[in-house]
Amino acid sequence: MGLRWHHFALWGLFAVTLFVLPEFVSRGTLRTLIFANFLAIFAISWDTLSGRTGYISFGHPFLIGIGAYTTAILTKRFDVAMEISIPIAVIATMVGGLIVLLPALRIKGSYFALVTLAMMELIYQLVQVIRPDLTGGTRGMSGLPTLTRGAVNGYYMSVSLMLAIALTTWLVMRTRLGTALSAIGMNEEAVSGSGLSVTKLKMAAFLFSAFIAGLGGAVYIHYLGSIAPRALFDINFVFTIIVAALIGGAGTTVGPIAGAFFLTFLLEYLRPYLPGAERYMVYSGLALILYMAQPKGMWELFFQGIAKFDRLGRRE
Amino acid sequence: MKFGKILKAVTAAGVISAASFATAAYAEIKVGFIGSLSSDTGLSTLRGAEMAIEELNAKGGVLGEKIKLVTADTQEDVTEGIKAYEYLAETEEVDFIISGSIDDVSLGWIPRMQEFQIPTLDTWTSSISIIDMVVQDPEVMAPYFMNIASDEALATLYINFGADVLKKQMGWNSVVILAEDTGFGQAITGLVTEAISPVAGIEVKETIIYDVGTVDFAPIFAKAQATGADFIYQVSSVNSQVISSQYVKLQVPMPMTGVNVSALGMEYWEDTGGAGGGISTLSPLPSVGFKLDPTSQAFVERYQAKYKSRPVIPHFNGFNAYYGLTQAMAAAEEAGGFKDAKKWSAAMEKQDLKLELDGKLWLRYGFWGKDEVEEVTKRTYPHNARFDLSAPYDDAQPSMVVVQWKEDGSVGVVYPFEYATTKFEIPSWIKK
Amino acid sequence: MALLEIENLSAFYGKAQALHDLTFNVEEGSIIAMVGANGAGKSTLLDSIMGLTQTKGDIRLDGTPITAAKPQDIVVKGVGYAPERFNLFPYMTVRDNLLVGAYTAREDIETNLDMIHKLFPRLEERENQETVSQSGGERQMVSLGRALMSSPRLLLVDEPTIGLAPKVCLEIADVLKRLRDEFSLTVLITEQNANFALSLAEQIMVLESGHLVASGTSDELSSDERLAAAYFGH
Amino acid sequence: MLQVLIQGLLLSGLYALIAVGFTLIFSVGRVLNLAYGAYLLIGGYTYFYFSQQLGLPKFAGVALAGIIGCALGILKFQLIVRPLKGNHVAIEISTLILAVFLQSVVIFVFGDSSKILLPIIPGVERVAGAAIPFSNLFAAIASWVILISLWLFVRSTHMGRAMQAVSMDAKGAAISGVDATKINMFTWALSGTLGAIAGVFFASYTQLYPGMWVAPLIIAVAVVIVGGIGSIIGTLIVAHIVGFLEILTSAYIAPELRGVFTMLLIIVILVWRPSGLFGREEL
């Protein structure tokens, strides 16, 4: 797997930094960090599916929504305890992942992106009309049970979950499975030519991505305490997830996290100057420039920057 | 070497910015606004609050401290609403929150209000389910007030309008309900369906629910016509100018009345490009088509001098924010600030502002007591605006009126008769 | 002055070099064949002349440099190309395929169509057929026809006989000869089938791994024993 | 029955008009322009600004919307599509970002609240209980006219054939002397113009609001997927399938289900016949 001690040292340092953060920052900043953590989870989930295998999903909230709605309905309508409903939600999402897989077995490229977009639209419309007594229809549900109260607890919960998911993903992606997934992204025919079962590999990627999405989605709505289809199955939400993953750096684990943190804080820092939706003008404008400049993401820019400074340093 | 230096600088900058975040300045009363900053209704609340704060500060502030307003946009989105409430509570650490949120957004952040216990005044949502929460859990909901009459009052007034005008004057016997698929739509539809037949004697032929994203209403109107009902009752709060402008553009040969939130503002005529004549809607009191009392009129004049952009006249929730914020500050004076939410709540419950027009009570900002039972609906409305459902409305305002836009672009009140400035009419293209 | 002059031409795919310092001339009114095995760089050479690859060196047409010019400009200057895989427009009819070929030579459509129909009567019969449903031989004819629609002076044909039945090969060879004799075109073809090349071209060049290893008339090359063994099978 | 037929034709015409510009880019440029809906957004707001706010004649408003849409299409091609050199994923993602950017710009300039446009051609006629607003009738007829002339243009002009050629075989087009860059730019300009004009009609029937780019994009996606790429007549037919499906659902099943069947249709078609009903086996 090519693990080195410094990998763990860096992860440890990262974790420790995040865990001591509540001592130094205000509760308001913690709330922002919580959203950054959840966005990071969703971006990692998107990245394991799309960033690595090249199957671009424009309907990722489809998966997140299955997890979120399953646990919301179970806890709100059937009084199921969250300890039970969340695992069920994760399993339901993985089943959803298999549904996404079906078209992927036949179609690729832009068409796959379109079918995922259609799936998101479909579930958005269905949630509103099929059994609104269960789903809450257009307006969703509020007053769901919450896992924690208060900014500090919410922060520790979200950061632990995010770190656990990130570390797991990182480890999994360093195995041969991860290599094979990236290989699918580069050249699917070559992978199938090399005797590996592309279908099984895709299934692994889709299930893994769905697992993260379901877990993240379920915990997210038990943090928010409410669920609304308009906010969830929204192309703007898709946009935020994809941009986070890509700005940070697709195909890496740290990239989506960096992207999520960067973008969430950018939005929060803009709030005093542009309180409304105009904030997205700066956000998307910057995202567009960054993406056009370096489609591999900030992570790549960062490394290039270090290399440049190192060269400069040596010259002095 | 250089890289090391830059790293140091970056770290230093990070520490400084984190530290500046942690220390919040604290020498003033901070009011937080939560609502949509890009909708006319959201702006109404914000500006009403701004005007009240300006006046209070000119008089020396509250408890010797100046009032400062911070805003958080909900974008009419539940998740953004929760984020906005958290931002106000935790980053800005406000003392008091004034809300121009729509129903679904308020329902989203209510759990946060319960957690933070920040005195909060809603000026726009009329959701009866929030008042139900106050009934069920008065302790936790103590800091919450809603100074607009709730859905129940709205529906009840409409039933009276149905009996007095639609049935008696127009001779209509049956209705088809066209309701949007929102919390508000469901609540009003439920209340109206329950009562319109037994009280007003109007039969409900069918209820058609439509999605708020509906682009083309032609088939929906066709369906409504097919029911053979005498008129359409619409319930729309989101994008309601779409349905009304298509009603006019399609010249649907069937009268339509009901609740159309966009028709509550002066901008309705401009927004529909003039395609909005004939639409009538329920409306809270200080709204379009009214002569105002002197105090409110003075407020409107100052408002128009200050703001050149739309909305050109505050919606009723702008008045609610203006008077409500003044009352909240008065309650704070009495309770020694906002820190003790229970004490403030008790002081707020006692607030009572009566405005008269031509020697008669016309607008009242007061709240129902915990155990007070309203006569018509036979239930309690703690922390909800005080309304009076039966003429001569001498206990409080009727809370709701019916206004109608004419095809020439004028607007007037058609019901209750005591307030009426014009008569209810059907659009010219409908053959009688 | 030769119609096409090539001097020190090298071509690259990324960092890989596919052609090494080729220098040769194509005289006006001749048929020249470039012979070589698969992967020797024959297609790359034709692509390079058309401006489709990254090149170094000089290519001159009638004395004017066309190195690194855009394909459309090279077409305008009088080079027609019938590539190995034809690159036809599969869901367009034969006629429309030909008309696209006339994109830069719209005033010659009538004459060129006449000429093509004379050369390939079958194309006229099937002018409303989509090329996706045609046989290899027919596609080769459309491909040649399309190249001719631009009124070229120099025609580049990549592997005109690959995968075709012997009878069709003869037909193509006949057409190429007629193009030179009746319509005074200069033709540069590439061939794996050296015997076909011998039967057609007055001058033959041999390409091996991107290097030009021999060049001469058919007779000269046939008498070279090493080449004869390698390419001409005797 | 007649009523359903009339409503179906009107709505379908509007949908065809919306989808055609998107189809064009997808067929010729082979890229998904997720910012396609933004043409409608910008077109609608341009018309609103010039005709309704500044009071210019309606025709001038529509023409200006078309010009701005055309310029936007060219800019998009020059600034995003060309630099990304055929990297489809990158183009899709950047156009999505661009769409959100344009939406925020509209919010910044015009605010978030929705606006109702005056009908381009006022008036309404009733036939068999169905109302036919002249504006919609005009949009439906315009969509037929535009689509059929586009079909003729693509089939029988040099430019049109070159557009087909570029879409089918880039190398083949290049060696025929077709400048793919010019053709692509022309296609983007045409798509932008058509999109912006469709936006005026779409907005004048529904409403103008910053999020209005999503619904037309979904409609366009549906039409293109079900119809298959490269088929203009397919676009026209499928726009009618989608339009009638919605009207029939609203009339006979439930209005709130109107979008569900369209989405189901997309998914079923994509899984069952990925090249679409009228498309080619080129995946």
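Note that the chains take the letters A, B, C and D in the order they are written out, and that residue 1 is the start of every chain.
To be clear about the criterion, a residue touches a chain if its C-beta (ideal position, glycine included) is under 8 Å from a C-beta of that chain, and two chains touch if they have at least 3 such contacts.
Owing to the predicted nature of the structure, the values given are computational and were not obtained by experimental measurement.
Of the two chain pairs examined here, B-D and A-D, it is A-D that is joined by more C-beta pairs in contact.
Nearest to the common centre of all protein CA atoms is the CA centroid of chain D.
Greatest Cα centroid separation from subunit A: this falls to C.
Distance from the subunit B centre to the subunit C centre is 78 Å, each centre being the mean of its Cα atoms. Subunit B and subunit D have centres, each the mean of its CA atoms, that are 38 Å apart. Annotation: 31 Å between the Cα-based centres of subunit A and subunit D.
If each chain is reduced to the centroid of its CA atoms, subunit A and subunit C end up 53 Å from each other. In subunit B, the residues that reach two or more other chains under the touch definition are 37-38, 75, 181, 211. Residues of subunit D in contact with two or more other chains: 107, 112, 254, 256, 259.
Contact between chains, using the touch rule, shows up for A-B, A-D, B-D, C-D. Every residue of subunit D that touches subunit B in the complex is listed here, in rising order: 3-4, 7, 10-11, 52, 107, 111-119, 124, 126, 129-131, 133, 135, 202, 205-207, 209, 215, 246-247, 250-251, 254-256, 258-259.
Remark: subunit A residues 24-32, 35, 125, 128, 132, 137-140, 142-143, 146, 149-151, 224-226, 228, 230-231, 268, 271, 275-277, 306, 309-310, 312-313, 316 touch subunit B in the complex. Note for the complex: subunit D touches subunit A at residues 26, 31-32, 34, 80, 83-84, 87-90, 92-94, 96-98, 100-101, 103-105, 107-108, 112, 210, 214, 218, 221-222, 225, 254, 256-257, 259-260, 263-264, 266-267, 270-271, 274, 283.
Of all the residues in subunit B, the ones that touch subunit D in their complex are 36-40, 75, 181, 208-211, 213-216, 218-223, 225, 239, 241-242, 245-246, 249-253, 271-276. Here subunit A touches subunit D in the complex through residues 54, 56, 58, 102-103, 106-111, 113-115, 117-119, 121-122, 125-126, 128-129, 235-236, 238-239, 242-243, 246, 276-281, 283-285, 287-288, 291-292, 295, going by the rule given at the top.
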